[in-house]
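Each in structure tokens, the structures are laid out below.
In the two assemblies presented below, chain A is common to both, partnered first by chain B and then by chain C.
Up next, the complex of A and B:
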């Protein structure tokens, strides 16, 4: 019974982290039809910024938990929004209308460039910012312990998921974005400033990636390459759920999270295999993912 | 017509002048190159300068090597290495990033030898890179020292090596030593679990450890082993899975940032209060845990390196020089790199060569040699004189008043933790360590 509880708790905690990582990726694809490989770099930038700032804060004798969270939030939002704006205005803007594959290659190039930029700025030594994770303590369930920080990540993930749903479904700007998703050209003809909407969407997607990195920084050692590791997982989740679907990303993350937790608790050697086995199984029966929709191509 | 003749004369004059200048330049360059080759000994140094292994391993190794190279060139090393240079030649180090995998490393190795014209190569943290580069080094007949990689297959797959050496121990010694330390200090432990990175290093380490435990602590039960991806970073689910199995000991061969992340997370989650962690590469975190590992955590340093270095003139000099330059005591990768550079100096100084020693002369000097190092006297006594046999040490982490130290350190002689020449390591363990003397 303890193992079942452990699988459920671990599965949902991991799913919440996966959703955080994948949300920005799926928002950008949903609106802009860009498979943003640079999303991994935005995650890494958020993690580096938060880990550096937390390091300075604690080295200066800081010990307030709320300040640590404020630092993570400010750093992640600032670096995500600024980098997102720079990528969209400086590069993607001039490439709109090109083939999706070309956009994927361009964002992959951005990923590689940003990886080296991060090495130049932060070097190769791992950054640790474990203090908030340790300070929040844990809850004991028999021999099993659950980190309160992990539960906070779960809560943040739910807030972001609900916030995204509300933004897209219940706000004016959300309605405009949905009109762009349905038909970009007609929206333009109706007076929608598609370029500005794209900029806003990309900045929000990039900020979500950086928030995921910032919130993960106190859990992991922040090292070069974490962005590349995470983008592969994020793709597995959004492909399982259906590219461009927020609900799909959430359901995909829960399925992958629970399957992975079940594997680790029962057959640990299958941990990596199970994630991609789930993705493959879903795609066999639903080639566009659980919530993805087949779209006729214009030729 | 005259114009054409004049043009021809000009062309001939220009051509002959250009040829003369080119020949003269080539001559000067050749002379310069010859003079340069006579003055210096060029060594390629390959280590992780990027990626997850760079911070805790590659960069400290590079720093350790540079500290020794500088001292060699200045002639400031303690005896017996107090002569300037290697065989009187300035030691020049060409660094290469080990990131990119074995195929890339084979290309890099060929570049070092064929384009950079290095006289020797020292390097390799990854076992995969050692296995790939070893046969190429033999094919290219270039003196090569593997300073850190731990695969026991290295000299099993290299039959009759001539140019390849390893100046550190293999992973079998790490894990036999770990099992011996448990048997000596925690003989009543009954429930053993593990967490290893899911690739050759982690799998081999766990196999060697569990085989040794069957021999040394047959009453102990292996209750679980987790195999996360390398560089995964977050181990929440694995920690839960370990907790539900209620282990007393958690063995891990994880290294670098992965190992440090696991320790920080497992400590925060309380796993390390429920079980004692045994970290075969934990010494690299000795001065980085900053109290995040509980006191009593068992650390290994892959031999007498880093915090396990014995007290001698070389280790005291190295610790002081490294700390002065980098502000922290040397971890085990730094001291292993230093040891490889000292091995090169020993081989060059004892090669009997006039000028730059050849790979054959270097190999002949190091084969089966005993040389002084930061880790004590190194005996190249395995793999036909190509592999070092050294003691394996384990100790417990203690952190007080902002200072970390090792306590309850136990040392196991080289032949107590390493299979004799000609033995398959796993067979040697299964047969109950024949020929070992652990007194």
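Up next, the complex of A and C:
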């Protein structure tokens, strides 16, 4: 029974983290039909920016928890929005209209470039920013000990998920974006500035990636390569849930999170295996993921 | 019976020329050439899939299977003959590809890319957790023999290169004909418009399946050759960034000619040898920038440099 509780708690905490990482990816794909491999780099950029800013703050003798969170939020939003704008305006803009698969390869090139840009800026030594994580302490649920920081990640993830849903379903911009998703050309004919909407979408998606990285920074050691590890996990989540669907990303994150937690508590050697096995199993029965929509083939 | 065409004669000629030139080359160049040819073989598989309109971000799966078959065959089955080891890898890979192929050939575009990536990451995940096989460090490949030669007593590096040239020549000759065969041509038709291919009474599923399995087998040979030359295998062979490098080389070379992947792989391996020494933290950046430049200015790869010149002259 204890194991079941541990699996559920770990599973949902991990799922909330997965959702944070995958949300930006699925938003960008949903609107722009670009599967953005560079999303992993934005995650890493957010983590590096937050970790180094937190490092300065704590080295200066700061010890306010709310300041630490403000620093994470500001750094992540700033670096995510700026990098997102630069990638969209500088590169993707001239590539629009090409095959989805070619766009995937183009963002792979961006990922490769950003990986080394980060090495040149931050070097290869790890960065640590464990202070907020340690300062928040742990709480006991029955006999299990859970970090408060992890529970906060869960809360942030729910807030971002609900916020995204509200943005897409209940606001003017959201309605315009849904019209673009539905039919790009007709929206354009109706006077929608598709180019600007793409810029906004990409910046928001990129910022979500950077926020995920910023929030994760206190939990991990920030080293080169974290983005490359994370992007395949995010892929597995969005493909399982159905590309381009926020609900799909949430459900996919929960499935993958619970599967991984089950494996860690019962058969730890299958940890990596299980994530992709779940994805493959879902794709066998639902070729476009749980919430994905099939598109007609060209004739 | 087809007559040997110009491409076949020049392939044989280049192979002989490289084999002779290698006798006067320093050891590092021989080793680099062997790696380049092995990589070129794996890239051939990626190119075969690209001709059918599919991009695989998981060709590392078969590369890794081929490598581990050599390692495991030598370690647990006591096989030392290189050809038998390569054959072992091909048999194992074909068996697995025949199962996976049933599933992945139902997918296109990014779904094919992601699913193939997932399968190679599954293998990576298994190998990383197999402590008996050295986990992330991998393990060494036993000293191998080739027919009546022994890599211990004779010049191992040179022997590996001769084997690689011979294997690559046979495969290149086969693929040159394969690309012009009805299956090879049907693959290109599927890339252009698969529904019309079905209208003509050709099963796209069957064509893609056969193509996928052959591409896997060739990827395995490349992996086996790398393992024999490098003397070591580790799980990163199945990591997705390695598959990404194969896609990079495939795009660099283009799908225009059987020789293109080998030329691209040679350029890639040579540049990497220098870049990793001179600017270890900028190597991926160079890759990324070159990839973007090729997509922008040479969408058919460097091979189009040759054909374009020819086209302008005539």
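One rule holds in what follows: the second predicted complex is superposed on the first by the 293 of 299 C-alpha atoms of A that agree within 3 Å, B and C clash if a C-alpha of one lies under 4 Å from a C-alpha of the other, contacts with A are read in each partner's own complex, and residues count from 1 in each chain.
Here is the rule we go by: a contact is a pair of C-beta atoms (placed from the backbone, for glycine too) under 8 Å apart; a residue touches a chain by one contact, two chains touch by 3 or more.
All values derive from a computational prediction rather than experimental measurement.
A.B. asks: Check the residue A:35 against both partner chains and state whether it touches chain B (first), chain C (second), both, or neither.
C.D. replies: second
A.B. asks: Scan A:124 for contacts with chain B and chain C and give back first, second, both or neither.
C.D. replies: The answer is both, since A:124 touches chain B and chain C.
A.B. asks: Regarding the shared-chain residue A:101, is it in contact with chain B (first), chain C (second), both, or neither?
C.D. replies: second
A.B. asks: Would you check which partner chain A:272 touches, where first means chain B only, second means chain C only, and both and neither mean what they say?
C.D. replies: both
A.B. asks: Counting only touches as set out at the top, which of chain B and chain C does A:2 meet: first, second, both, neither?
C.D. replies: In the superposed model, A:2 contacts chain B only, not chain C.
A.B. asks: Contacts for A:284 in the overlay, against chain B (first) and chain C (second): which applies, first, second, both or neither?
C.D. replies: A:284: touches chain C, not chain B.
A.B. asks: Answer with first, second, both or neither: which of chain B and chain C does A:264 touch in the superposed model?
C.D. replies: first
A.B. asks: Go through the superposed model and pick first if A:109 touches only chain B, second if only chain C, both, or neither.
C.D. replies: second
A.B. asks: Does chain B (first) or chain C (second) touch A:10, or do both, or does neither?
C.D. replies: So A:10 only meets chain B here.
A.B. asks: Pick out the shared contact residues on chain A: the ones touching chain B in one complex and chain C in the other.
C.D. replies: 119, 124, 269, 271-272
A.B. asks: Can you check the complex and tell me which residues of chain A touch chain C?
C.D. replies: Residues of chain A touching chain C: 35, 91, 94-95, 99-102, 104-106, 108-113, 115-117, 119-120, 124, 228, 232, 235-236, 239, 243, 269-273, 275-277, 279-280, 283-284, 287-288, 297-299.
A.B. asks: In the complex formed with chain A, which residues of chain C make contact?
C.D. replies: Within the complex, chain C touches chain A at residues 55, 103, 106-107, 109-111, 113-115, 117-119, 121-122, 124-126, 128-129, 193-196, 240-241, 244, 247, 251, 281-285, 287-289, 291-292, 295-296.
A.B. asks: State the interface residues of chain A toward chain B in the complex, per the touch definition above.
C.D. replies: Per the stated touch rule, the residues are 2-3, 6, 9-11, 13-14, 17, 119, 123-126, 128, 130, 133-134, 138, 140, 143-145, 147, 149-150, 216, 219-221, 223-226, 229, 260-261, 264-265, 268-269, 271-272.
A.B. asks: Note which residues of chain B are touching chain A in the complex, please.
C.D. replies: By the definition above, chain B touches chain A via 48-52, 54-56, 58-59, 198, 224-229, 231-234, 236-238, 240-241, 243-244, 246, 256-258, 260-261, 264-265, 267-271, 274, 288, 292.
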